[in-house]
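What follows is a pair of complexes built around subunit A, which joins subunit B in one and subunit C in the other.
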Partner chain A sequence: MLEKGKISPRQVVELIFITIIATAILIVPAVTADKAGHDAWLAAFIGSLFGIVTLYLAIKLGNKFPDKTIYQYMESILGKYPGKLASLAYVWFFLHIAAIVVREFGDFMTTAIMVLTPLSFFAISIIALSALAVIRGLEVIARMNEFIIILFISFFLLVITLTFNNWQLINLLPFLTDGITPVFAAAAVPASWHGQIIALAVILPFMTRPKRAFACGSTAVICSALFLTLGIAGTLAIFGPEMTASFRFPFNLLVRTINLGKILTRFEVIVVATWVSSVFIKTSVFYYCAAMGIGQIFNLREYRPAVLPLGIIIASLSILLFKDVVELVDFLTNSWPLYSISLFSLGLPLLLLIVAIVREKVFGHSFQEDKDGV
Partner chain B sequence: MKNAFSILKKLLPKTKTKKQEQEKHPQTKEKQSNISSLSQRVDYIKEKLGYDTNDVVIRQFSSSNNKVHFAVLYIDGMADKQTINDNIIRPAQSDIISNFAHKLTPQNALSLLQEHITSGSEIAVVPDIDQAISLVLGGDTALLIGGENKILVYGTRSFAQRAVQEPETEAAVRGPREGFTETLRTNTSMLRRRISHPDLRLESFFVGRYTQTEVVIAYIHSIANEHLLQEVRRRIASIDTDSILDSSYIEEFIEDNPYSFFPQIEHTERADKAAAAALDGRVVIIVNNTPFVLIVPTNFFQFLQAAEDYYERPYIGTFLRLLRLFLLNIALMLPAVYVAVTTFHQEMLPTALLLSVAAAREGIPLPAVGEALIMETTFEILREAGTKLPKTVGQAISIVGGLVIGDAAIRAGIVSPAMVIVVATTAISTFAIPAFNASIALRLLRFPLIILGAIMGLYGVLWGLVFILIHLCSLQSFGVPYLSPLVHGSAGDMAESFVRPHWRFMLRRPSLLAVKNKQRQPGISPPEAAPAAERELTHENTEE
Partner chain C sequence: MFKCWQLVLICFFIASLSVIPGCWDHSEIEEMALIRAIAVDYVEGERSPYLVTIHVVRPGGIAGSSESAGGGDSESPDRIFSATGATIDLALQNITFFLSRRIFLAHNEFVLMGEEAARQGIYPAMDFVLRDNELRLTNFLLIVPGAAHEILAQREQLETGLSEEILGMIAQADESSESDPIEFFKIMRSLSKPGQDAFAAVINAVPRQKPAEFATQNNGAAAEGNNATNTAKILYLSGTAAFRGDKLAGYLDKTETRGLLWLNGDVRHTTLAISDPLKPSEFVSVYITHSQTRITPVIKNDNISFLIDVKTEGNIYHQPSLSDLSATEMSEKLNSALSAVVKKEIEGSLQKMQELESDLVGFGNSIYRKDPKKFKKIKKQWPEIFSDLTFQVHVEANIRRTGQLAKPIPEH
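Our next item is the complex of A and B:
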């Protein structure tokens, strides 16, 4: 097996949570506020629950093929070459997410913090760190995350607490003025974020108690749904829907409103530091999934040789994919949900499950047998 | 297979030495196997230990009936001459002391001497002269008997040793003041006194081809994890080197990641700390000739804990732990953050503070990073010079360094007062970390962080910190993650790295050690008032 480490159920919860929330909290508020107005928080919550569907598919497939990653069982289900092709598609998907995450991070840093620094610097520096973590393995990423999640949660709650005196809950009203339709339309974006939970299909075999995977995954999804809802409710309550929608990174501005006794005025640097660490985790997770995919598709003895080339691909993709931050946000709002959900979070897993069930029930094929064969 | 071999080695340490000797002197060995005459054997010993070696004493004498000839071999200064004289030589020589001396013949000499004539609490019959020599080199005394190939070896070890003193590196206000010494037996006795339980086991190894240093692993049989023990045995048995002069040699040979800045094995001078570690399920490695014993496995937070935490009230223990954690961050990051903030992120500071920092930096020729590197280096120089000097002179260094250089540097306008404050705070924080070896790692890592902060601002500092964190997360000490229990631990363990619980509530041993017996106490005992009888007693006493 390419990965010797094992991660505990708690680490899985934390990993999924950070993987989803890290960038969602930055981008999703503006996008949902744009589409759903006052009800953006509801859209975020509903959209987040979509994660459970993807989770269910991933676990269902994972249970059929214990100790196998999605790359391995796709070969069993679809046959060798179609399976490898689908695996490559997933590798692309994970690379794409990683590149988008790096780009989001870079754009955030160049627009909000270090304006004069070129984008490529951020891309290369965070990819370098992630590559190191990926080489060290899943266990190390999970352990780091245990450390970072403490900071993330405590600073998130601190931000909510410290801004609470500025919350004007009247901004959340009126409730559902335009009916439920715009809410569902807006829910697509948070749904696509939670669809990223499909990465669990790669991580699942390395979990110590796979039976608890569904409980873990749903805990993570619900937690991230709550955090996202709370974050969006906070930005809405302070800025109102129109302003929230006009900002690029509303949550960062929310942090900037903190003004505690005139001393804690620039609190956002610490929050940004925490956020950068969680973005690093997110990048590492998808980077790892992609590297693992390359390792398993080409039957390598180690996935580590794939790490550096993939890092270069992610870094260049992150710079080349989008012209500027406007295009990035536009892509994430309009194209990304359809593309990611229909193909990778829902489409392919559903297809895999159906084919697997059909092959089992109709053709009487047993997947347990070809464990040794294929 | 390898494990089995190491256990075999452990059980038969003496066979190992014999084998080694055999390999070294194959020719002399052949010659020696035919020897039975006393003078030939004495010559062999002289040849082996050197004719001019002046601390080797070979005293030859005969029994009173002149039928048997003896040679006593010991090392002057290592063995107790009084004992040799009174218990070995005189009884064998004289009829007056022993009724059996006149019955001695070469045939019965061995058993008579062993059972009736000579006295000594430790006697071993050794068939091989090389083995006897290696025991003699440890301070024992060998009695060679003419016409008898077997050799009697008496335990007569006695040499000058340092008295048990208060540990200098880990002083505590409250708690036992006994520190380990250089003598292995004294050290094991200190452990044994603290844990008077049959399950305290001591296993010895002999490491170092020339030094033949005795290394003892101490553990509690019913607590320590068996895999851990096997791993410790395997690693110690696999050391193959010339010399072991301090436990740090062993540390470097058995640690998991030799290239890390961070120490992965804790050492202590305090007997109570070692005993506590053994009771947690850890393995204590005691090395002869050094007062520092090693404790494995180690996690990072152990370096932030002092024995005293457990002797003072739990609140102060908790407070100190949190304080040390804070100081750890200061020691690592403060100069780097200061450089980054003053260079790139001036807007982070409140205006009043920014103005005073800017005013202080007015007229300073160097950028903040230059200042920081100069001051940090100066501090390292002062510290290094101070530690190597006798205490009284060391204070002079601190006066010259701290007052004269610091003050003069500010007045001359080379560094800003703010930077001096930052560097001094950092220096003091470094010293507040109980483990010296852990604080060295932080001191070294400070320099790259300062440079990163100067190049990339706070993002650079963060980048460096994440880099360090990746490294720390990938470290392990004997299978236990280095950052445990903060990562990978149960909630209770996790809390214990920040909080010192009340002894009543410490029900379980650290779960990461996978100990055989997890329970410290059966349950939380409620705080009790004095029993009624006692209260009456005190009442009566006061009446009287």
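Our next item is the complex of A and C:
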């Protein structure tokens, strides 16, 4: 085993939750409001529930191959070299997510807080931090997250509570003006975010009680769906859909409207600090998944030698992938959902499951006695 | 405990702390010019039409004034700087030539816009405030009938600094509900909603009258600009600027403003005079403690009308006459007198909005919420439709308490 640590079901819930919500809350409100208008909150909720589908596939596969990560059982299912190729695709996917996360984080910081600081500075600093966490292993990331999730949830609820006096719930009306079609169109983006739960396929073998994995994963998905819906409903209620759609990072501006009695004001720095820490967790999780993938594909004794090179790849990708923030948001809105869902969140896991079932049922192959590829 | 390379790394991180805090964006407090207010004027026909005036708190000015507080006429802690530019930010850049410090906008509290600038449109100011990462959405927008920079030239009366003075006036506006200063994001929210127009509070500098001068006039209120000899002015926050789209359409006076606040359900407190049911020449004043408004659109084919239900509660605040109003039927009469007054204010306000073709309450938006397809058809002609609408105003007023006195104390 490349990973000696074990994480508890509760830690899995927290890890998945932060992994999804950390950047979703930054980007998704504007995108869904742009496409679904008043019904953006509904789109976010429906889209989020897609996470359950990906989760179901990941758990089904995981149950067939206990103690194996997605990289290992792909070799069992697809055969050695096709399996390795598919594994490399997943490594690319996780690297891609990590790079996008780092870029979102950097663009957010340079837009909202530190306008003059170069993007590379944010990329390098968060990658350096994540690299340390990844070297220490999954258990360290999960434990760190136990602390960060308290900050995240309490500040999120604080922000919602403190802005509540400015909410105009009539901004959520009229309900379903143009029918359900725009809602589903907008739901693709939150769906792609919740499809990232496929990272669980890597983490699953390191869970102490794998039987509870589905309960854990669905708790995390539903929690993050509720938080995202609440956040979007808040931005809609305060700004209305037209304004929300025009904002770059609506939730940040929502925080900036807090002004209670001139005392409870200027919360954004605390909230940004919380985001930085949750983005750190999110980056670490995908960074870890990618490093674990390299370790298992190439049958390394340790994944640690892969960490630094991967970090450099993530940092440079985060800067090179997109020319500017417009391109980033355009990619996340129009290309990313199709690309990530069709291939990695739904397509490949479904294919794997079908092939596994066909091989078992039709060809009578038993994976339990299968020892190759480990 | 630590390996060698770890120690080196730790030392490196600690050492870097002294160099990189704040990174490229570091700004020291003693290098900032803290801007508390921005006044935007528009000079017609110029190449750089925006005349921007900033109100800077002079560092040390606040501390200095408190030391010399006993000395009477202390120097103001404020300084103002002006420059013109093609846009607001270019004008701000031109101001930097006069400044020894960096312009720091995070502590800006309100933006004043002159009448001409407001007629050109408030969207440029909206964009500037929402896009900038230092400016806050909770800035107030105040419209000045006249030149905005004249407001910043005034002296504070009670507070240290003019910005504090105006902020105090904004906080105080709830007491009379004859002015409704609102923040940028709320104005932008009304501006972006279909079937709704935005409004903003009006601030003005009026000639300051000595008490004796009030006596010579019939009008008790601080009359606007009829005393040419007196140059001292005082700030006056009252009334509302109504917009059509993002352009200034006209003004609502203070009673019409209160009518608008009744319609929006935003009347917090206010004192209203109603005539004494027993002696119509006398007044009873009522302090409003609570109000609630419900607007229902009634759509019958092409005929649109609105039902406006206002519920309000108040206490008797003052009764100069000696008539005994403690009987139950008297309180009925007082209630109906109060609701008549409120109804009249609301109708006056509606009439004014219809004249200006400016739907400040969002009647169009309530149709949009109820029947979005119908509203899409009439959206283009909405201002004209709005100006011909009929409203049914129904006010239910209840006077709940009579203060410390149950009835007047009879004289003998």
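In this text, the second predicted complex is superposed on the first by the 371 of 374 C-alpha atoms of A that agree within 3 Å, B and C clash if a C-alpha of one lies under 4 Å from a C-alpha of the other, contacts with A are read in each partner's own complex, and residues count from 1 in each chain.
The rule we apply is simple: a contact is a pair of C-beta atoms (placed from the backbone, for glycine too) under 8 Å apart; a residue touches a chain by one contact, two chains touch by 3 or more.
What you see is a predicted model; the values in this text were computed from it and never measured.
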Contacts of A:277 with subunit B and subunit C, given as first, second, both or neither: first
First, second, both or neither for A:226, with subunit B first and subunit C second: neither
Touching partner for A:351 - first (subunit B), second (subunit C), both, neither: neither
First, second, both or neither for A:133, with subunit B first and subunit C second: first
Which superposed partner A:8 touches (first subunit B, second subunit C, both, neither): first
Which superposed partner A:114 touches (first subunit B, second subunit C, both, neither): both
First (subunit B), second (subunit C), both or neither touched by A:162: neither
Partner chain(s) touched by A:144 [first = subunit B, second = subunit C, both, neither]: first
Touching both subunit C and subunit B, counted on subunit A across the two superposed complexes: 113-114, 265
Subunit A residues within the subunit B interface of the complex: 8, 11, 109, 113-114, 125, 129, 132-133, 136-137, 140, 143-144, 146-147, 262-263, 265-266, 269, 273, 276-277, 280
Residues of subunit C that touch subunit A when the two form their complex: 22-25, 130, 133, 136-138, 183, 185-186, 188-189, 192-193, 368-370, 372-373
Complex contact set, residues of subunit A against subunit C: 111-118, 121, 166, 168, 170-171, 173-174, 177, 238-240, 242-243, 247, 253, 256-257, 259, 265
Touching residues (chain side subunit B, partner subunit A) in the complex: 344-345, 347-348, 350, 456-459, 462-463, 466-467, 469-470, 473-474, 481, 483, 486-488
